[in-house]
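The structures considered in this document are given below.
Each of the two complexes below includes subunit A, the first together with subunit B, the second together with subunit C.
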Partner chain A sequence: MSPGRIRALIILAVLVLWEALPRSGLVPVLFLPPLSLTLAVLAADWPTFAAALGVTLSEVAVALVFAVGGGLLTGALVGGLAGPRRLLLPVFSSLYAVPLVVLYPVMTAWFGIGAESKIAFASVYGFFPTMLATAAGIRTIDPQLLLTARSMGATPAQRLLLVILPAAIPTVLSGLRLGGALVIVGVVVAEMLIASAGIGYLVTFARTVLDSPRVFAGVLLVLLIAIGFDLAMRWVERRCALWSTAGRPQSAPAAAVPT
Partner chain B sequence: MQPLAELNRDAAPAPRGMIEVSGLNHAYATRQGPVQALENVALTVGQGRFTVIVGPSGCGKSSLLMMLAGLRAASAGQILCAGRPITAPDPDRVGVVFQEANLFPWLTALDNVAFPLTLRRAPKAERQARARAMLELVGLGDAATRYPHELSGGMKQRVSIARGLVQDPPVLLLDEPFAALDEQTRMAMGEELLRIWAATRKTVVFVTHSLTEAVYLADEVLVMSARPGRIIDRMPVPLPRPRSYEMMASAEFGRLRDRIWQQIKAPAR
Partner chain C sequence: MLVLGRLALLAGFCALWEALPRVGLADPELLPPFSTVLATLGELLARPALLADLGTTTLELLVAVALALPLGTLLGLALGENERLARIFDPLVFFLFSIPKSIFLPLFILTMGIGFWQKVAFGVFSTLFIVLMSAAAAVRSVRPDHVFTARAFGASRAQIAWRVYLPSMLPILLEGFRLAVIFGFTAVLLAEMYASRTGMGHQIASWGENFMLQRLFAGVLLLSVVAIAMNEAIRGIEARCSHWRS
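Let's turn to the complex of A and B:
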């Protein structure tokens, strides 16, 4: 059996268990409401869920722009120039290990409990891995490739655009994947902590009133966002990094995800 | 991209040699102080000649080639190519091939060969036509759409040579281009290079560690001393062309090879 079919079977099994376990009484419905019930709640109260999904998605989208844009730019600077690298890289590397979630209350004090504080927190959260990956990607470029480009008369701008950037793409993409995932985590976690809208808020609110079908309906939506992001990343990876699949060994940043 | 005729008109006024080096000295600044790499190097390579440089490891062969390519400035001395000084890389005059093929892994063989033309913003049709012609020349016409990781070591180095030739420079510099290849491929590539050279009549400067390769390929072998690198022998190779595998067994070949070996094994200090 192909791995793809095994995967499909596992997912199917999980869905079946989700329905069967609570129905058979093996698991209390309060702990795990059946899939059908969860979907029914989702459908019945769709306007509420759709509004929350819209809030969360827009926060994720804006935070992605900040995290990815800032991460790529700073990473390119830090990776490409020795001065900023010596100055900033040690600081960034140690900051990376700090559980940034402690900053979130501060951010709500600064930006209020609306979308701004979520965006700010998730942007910072996703910024670090993207930045570090980009810096690593640019620093690990084979200097021989740059020498070769120089021997062919490439200007500094051409070396950046036609050699450094394409060579950095595989590492940068793995950073984007990690950074993007952290942005989603950051937004949802922030919504669950202090918020007035969004899926995370909905889940926390439903939990406090022990409305588990709504909790799971929210979880399902977060799952969908994550899957959607994964599909988008795969599409980007397929388009950008044809060569990296069988080319040189990739140097992905071997950093653990901080929580 | 200049047409061929114009390049040749450029090259014609070179009075004596296509490459003329005089009084070349170079010292690297290191933490332990200056390291003298080249000492008073002078050489002349006539147009269309195949010159091979040999010498002990670390004697400055790569440094010399980098300077000929305009990739590194010498501490002192002068380098003329086609009658004009070399101060920066000039792909119109000099093509370079390194020990590693250094192909861009994200580009196909064709796009790698066309890369120097891309840098000059040549029209796409012209880029492709030139690159395709060069791939044909090195015997890789059917590998145009392959990526570097789909090519063998020998094929990669052929692509690299094609790329060095794509702007039709009068001079081709090669720094141990076949050193990373196995013996068989290496022999085949030597033959291949001679064929390409005969077809294009480039002026070639070729660095190698293999004495056999040196004698087999060269019109003239320049022998360098251990560091600081000086040229201690200029040995013409009077073997007829085209060279053949059988010549390697001849007494003449052995004598020439031995003459190099005697100077390299006991470097004059």
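Let's turn to the complex of A and C:
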């Protein structure tokens, strides 16, 4: 049997067990509600889930602008200039160890329990990794390209528009993918902790009343959003990679997509 | 020079933290001055209750990492050494590695309650795949020609494991271990903040809810220092090993 087929069988077995274990009573429904029940709840309660999803996604959108915008800008500055890079990069990678989740109570004390505290927290949550990835990525721009452009008499504006920006696109895109994933998690986690709306709040509320089908439905929904975002971004990255590396040998890892 | 620059940055950060509430640019209720927070931290650290909370969190993290490390390393070794297993499981493992773990936290509460082992289990779940991926990468970093050469010179299996595999794998394994500690710390704290009766995460969350910002900032400062210290300590070991390797 081919590895792909065995993998498909494993996934199928997981789905079947998800249905069969609670149905047969081997696992309590509280621990694991059957797949069909979870999906049925998701369908029946769709208006509630959709409203919560709307709240969450709008918070994600705003936080994404702050996290990725700030991360790309700071990352480009820190990574691109030799002085700040040597001074700051080790500082930022030390700060990376700080468990940012402990800042969320500060955010709620400062901004209340509405959307603002989620946006603030998720922005900080997504900022650091985006910045570090950008700082690393900006240095992968081939200096030969800049040298060639300069020797052919390109003006600084032309060098920026025609050389640096196109060469930075892969970095920007992978920053957006990484930052976006973290912002989604940041918003949902914040909603799970203290909130009055959103998908994370819905999950926590269902958890406190031990309504496990709704908990699973909410978690499944968040997972689908995270995976969907990742796949969409990878697709965009692949399209841009084809274009920006035209004429260069195709690098293999660009095709590595989680299945 | 660079070290001086970084110390200046740190001093500037503390000075700004002190000055903003003092000169009235920030509300001292919302941002207590740095010196006040330090004094509060000193008071807190003298309390047995806080040390007990810190102990609980540390123990949860240690047990979680102590379970995830051997388990993840063994699974990673299996994937790294066995081509067929790798071809079947690599995409699945990568998928599990890349999905966000925090959102599964409510499921751990439904099945395991809110006690010590629930935090440990969530910590293991949050770190296992990092260890697994780096162990698999570590095995794959061993160069086959080195193994062939060692074998040709008549090295025993133990010698090959000790002299060829380990030196090549150690830096990547340590990097995975460092990330596991960082992410494990976050996972354990999040689990405590979410639903718990003990631990530093629980304290942080309740100080926030009760608007005790001096204590909240003292707690954030303490946990940040602990996290940075752990990270730098493991990095120090990493640097030592790569030194010894070359």
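The criterion applied here is as follows: the second predicted complex is superposed on the first by the 218 of 259 C-alpha atoms of A that agree within 3 Å, B and C clash if a C-alpha of one lies under 4 Å from a C-alpha of the other, contacts with A are read in each partner's own complex, and residues count from 1 in each chain.
We take it that contacts are C-beta pairs under 8 Å (C-beta built on N, C-alpha and C of every residue); 3 or more make two chains touch, one makes a residue touch a chain.
Note that the coordinates shown come from a computational prediction; the quantities given were computed from them, not determined experimentally.
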>> Between subunit B and subunit C, whom does A:Leu224 touch in the aligned arrangement: first, second, both, or neither?
In response: neither
>> Once chain A of both complexes is superposed, is A:Arg150 in touch with subunit B (first), subunit C (second), both, or neither?
In response: first
>> For A:Ile10, using the defined touch cut-off, is the partner it touches subunit B, subunit C, both, or neither? Pick first, second, both or neither.
In response: second
> In the superposed arrangement, which partner chain does A:Ala232 touch: subunit B (first), subunit C (second), both, or neither?
Replying inline: neither
>> Per the contact definition in the header, classify A:Ile169: touching subunit B only (first), subunit C only (second), both, or neither.
In response: first
> More residues of subunit A are touched by which partner: subunit B or subunit C?
Replying inline: C
>> After the superposition on A, what does A:Leu161 contact: first (subunit B), second (subunit C), both or neither?
In response: neither
>> Please output the residues of subunit C touching subunit A within their complex, sorted ascending.
In response: 2, 5-6, 9, 30, 84, 87-89, 91-92, 94-95, 98-100, 102-107, 109-111, 182, 185-186, 189-190, 193-194, 201, 204-205, 207-209, 211, 213, 216-217, 219-220, 223-224, 227-228, 230-232
> In the complex of these two chains, what residues of subunit B are touching subunit A?
Replying inline: 69-71, 89-91, 94, 96, 98, 100, 102, 104-107, 115-116, 118-120, 147-150, 163
>> Going by the contact rule set out above, which residues of subunit A touch subunit C in the complex?
In response: 3, 6-7, 10-11, 30-32, 86-88, 90-91, 94-106, 108-110, 181, 184-185, 188-189, 192-194, 200, 203-204, 206-207, 210, 212, 215-216, 219, 222-223, 226-227, 230, 256, 258-259
> In the complex formed with subunit B, which residues of subunit A make contact?
Replying inline: 142, 144-145, 147-155, 158, 162-163, 166-167, 169, 241-244, 246-248
